[in-house]
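Presented below are the structures under discussion, each in the form of structure tokens.
Consider the two complexes below, in which chain A is the common component and chain B and chain C are the respective partners.
Let's turn to the complex of A and B:
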């Protein structure tokens, strides 16, 4: 998923738009989605975002949908629990028993002395929360999908983020991919030699892989430092800001 | 000798005690094309790291442009401006998120103005044929492209000496030719070149000076003809002679009366065969 996000951040039609503008619009849309009292607003914002990403930034709807589903699944599980309320009262006593969603009764479950009930208020709360969270996720995802890391760093630099933090972000970003490639090639070479032929071998292979990855990371860090020093590195990774054709 | 880089009796051992350089003395001629050859583990990469002051020899001295170098901050800075090192593995060298930014790193460290850095980055992008890749993230490049970008990053610093650790390794023939063409262009512009290379055919075509390393010692320094034509000697240090030399020896064994020194190039070999043919 991370690789897909990075790929589209470089390949979308809005890549060269001003990152400050994109961030501004995103923050405004986020605020609207989160603070609106009606669940319809974040839903609309989410839909509008999906359309903008598909037709504006020319990212396939399928890509957007698939990436959005990952956090959405977590959100669904998280918000469902809000719909339930736990009480000691008998449901047809103090708790209102008018139907939920057209059902003539509020579904309830007796757990010893406790009753697990879905109430209309709980249901409404859960729906609002879910709508907000999903709309907000769509908006944030749109920013991630249309802004390359280089631009994010540049924007943070213009916001006076300390250079040390930025350098770390840059290196982490670059070396995530190096680490990923190393892991992949090590895994393939283990697999080619039957390292994952059985569950027991697989467990052993994963251990070896992890240990080697750690060692290689240290060596890689050392080699990187030597290479940076060869090009005159002192204490800050200075690079030219990107010049964009569109302002 | 008007040496750009001069090493005298340089010794270096790694922390675990493995000796890597054992009394290396050599001269890199100004404006020359020096090939450093030797089997794996002969000390080539270690030697390269001493050429720009990364590794400090335990003994011996290094002169750059006639000046004895020390390991103080100012000398090291000067050293890195004058001697550019292109590492064998481009993934070690490229750290930045985009090609253009990675190339700008070295020149910016030299304290140049932004305009000058931009000009140099442009020039390096065009010279190395990486212009179309300018805004690409480094991790999306192929191996050959990464290699060219890592050369561009050093090119933009315009060093007097460019030291390349096996720049042709893992490249396809077309990729190798591109790198060699780029080096020829650099050489015409006055850059002193030093390159570690395994293919003796390339050495024969390219170098005007060959240094042979074996077990941390220089066993030959001089013109390519002086060592490349010596089949037995090359084989004894784990290297293969250029193919015209091998064919020369084979033809002689087969009874063709070839005369003179074994030829290093195809053209020279053909000429010798044409001369010997009628006598057979």
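Let's turn to the complex of A and C:
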């Protein structure tokens, strides 16, 4: 199926560890990584997490790496944007022309009236950011990869999340997979009929697909309501938690 | 364009969460009222949330070839109204963070503000304006979806600029940087989203008017049968 994270959440060695414990540790580590003023802290937390997830929860390192790098494009663009400084002022003493961070030169570019330069502050900010974002991403990945969504919902219930919100989340989770399957088969039939042969066709095909998907979703929702009502549904979807040993 | 996990400093992450929370709470209350009157509305909303998630994972045929995808924000705002969309958007953003590693838990508040509050409210406002001025439906829908996306992208740029002011030119300089860099992908994407949303609404109103009329409980879109 399309969701690798969901697959591993059900199939890892820590699947049956207490969700409250996993979530607690994750949130604490996340807070440490984000609050720490030193970039070394999130780097250490990130590496420790990667080791714990691959050796402890037995998730293949390749899987972990691939998902860790999902936000790589955003990270790259974001940090480079932070590293560069844009200003109308001619670079003066505050911008070292002899180079920053061991580079033999300070990259500087004139764009009409604007100057684009790398400043030491910008560079430092970008590196701190890189460390924090990578560390934090590893930590929340660890939770996602070891805890099935159903356990997350149970935990939220014990945290007094309103039942309406929990029901909506449960429905969304269930229907994501149903709708993915519908989408896949619709996409395949469109593709087989040259629906994506050109960019223009593709745009139209995506629109038609989405419209039909929406309509089918609505019909499914109505069918679900009828089926639940026939079984005595009143106002809350109740499911039995799986029994587990503590710890 | 989701702000990734850990990208915002702790103070900003907390502040944006506090800004978004009242909108989400208000949204939950108004949904609860609707669900109390019409129990089947809950299933429709749940399925609508899953629909948003799934179409946001659809790869778009795009000129740039990058990982562009629909947001569904404009469509959702036009169909369900911005208040319901705030709650659905929040759930979808949480699921995207937990199931796809798009966005994150610490940046959820900031992403909710940009994508589940500003985007839907701008889109819905423009749709209503178009209806008042009696624009053709296609034009209202296009403008709503495209400008909703642009509003989201500008909000995200402002959030990043506030968090990372430029050492020499401050927040304004930083905003110029982020807005320029992200415009490369976000402006074409907004136009594509607008065009595709028009196709979706056209197909729905043309071929599914009867079914949609039966779902009037929830839908804001005026369907001419």
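As a convention for this text, the second predicted complex is superposed on the first by the 221 of 247 C-alpha atoms of A that agree within 3 Å, B and C clash if a C-alpha of one lies under 4 Å from a C-alpha of the other, contacts with A are read in each partner's own complex, and residues count from 1 in each chain.
The working rule: a contact is a pair of C-beta atoms (placed from the backbone, for glycine too) under 8 Å apart; a residue touches a chain by one contact, two chains touch by 3 or more.
The structure displayed is predicted, hence computed values, not measured ones.
J.: Which chain, chain B or chain C, is in touch with more residues of chain A?
T.: Partner with more touched residues of chain A: C.
J.: Applying the touch criterion given at the start, work out whether A:239 contacts chain B, chain C, both or neither, answering first, second, both or neither.
T.: first
J.: Check the residue A:230 against both partner chains and state whether it touches chain B (first), chain C (second), both, or neither.
T.: The first partner, chain B, only.
J.: Scan A:82 for contacts with chain B and chain C and give back first, second, both or neither.
T.: Once the two structures are laid over each other on A, A:82 reaches chain C alone.
J.: For A:5, select first, second, both or neither according to whether it touches chain B, chain C, the two together, or no partner.
T.: Touch status of A:5: second partner only.
J.: If you stack the two complexes on chain A, which partner ends up touching A:220: first (chain B), second (chain C), both, or neither?
T.: A:220 contacts both chain B and chain C.
J.: After the superposition on A, what does A:162 contact: first (chain B), second (chain C), both or neither?
T.: second
J.: Let me test your reading of the model: by the given contact rule, A:32 touches which partner, first (chain B), second (chain C), both or neither?
T.: So A:32 meets neither chain B nor chain C here.
J.: First (chain B), second (chain C), both or neither: which does A:149 touch?
T.: both
J.: In the superposed arrangement, which partner chain does A:178 touch: chain B (first), chain C (second), both, or neither?
T.: Both partners.
J.: Between chain B and chain C, which residues of chain A are contacted by each of them?
T.: In chain A, positions 6, 149, 170-171, 173-174, 178, 220, 224, 228-229, 233 sit in both the chain B and chain C interfaces.
J.: List the residues on chain C that touch chain A in their complex, please.
T.: It comes out as residues 1-7, 9-10, 13, 28, 31-32, 35, 39-40, 42-51, 53-55, 57-58, 60-63, 66-67, 70, 75, 87-88, 91-92, 94-95, 97-102, 104-106, 160, 164, 166-169, 173-174, 176-178, 181-182, 192, 195-204, 207-208, 211-212, 215.
J.: With touch defined as at the start, can you tell me which chain A residues reach chain B in the complex?
T.: 6-7, 10, 148-150, 153, 170-171, 173-174, 177-178, 181, 220, 223-224, 226-234, 237-240, 242-243
J.: Name, in rising order, each residue of chain B that touches chain A in their complex.
T.: Going by the criterion above, the answer is residues 49, 52, 54, 77, 80-81, 84-85, 87, 89, 91-98, 100-102, 104-106, 108-110, 114, 117-118, 121, 135-140, 153-154, 157.
J.: So in the complex, the part of chain A that touches chain C is made up of which residues?
T.: 2-3, 5-6, 27, 30-31, 33-35, 42, 67, 70-71, 73-75, 77-78, 81-82, 84-89, 94-95, 117, 119, 121-122, 125, 129, 132-137, 140-141, 144, 149, 152, 162, 164-165, 167-176, 178-180, 183, 196, 199, 202-204, 206-215, 217-222, 224-225, 228-229, 233, 235
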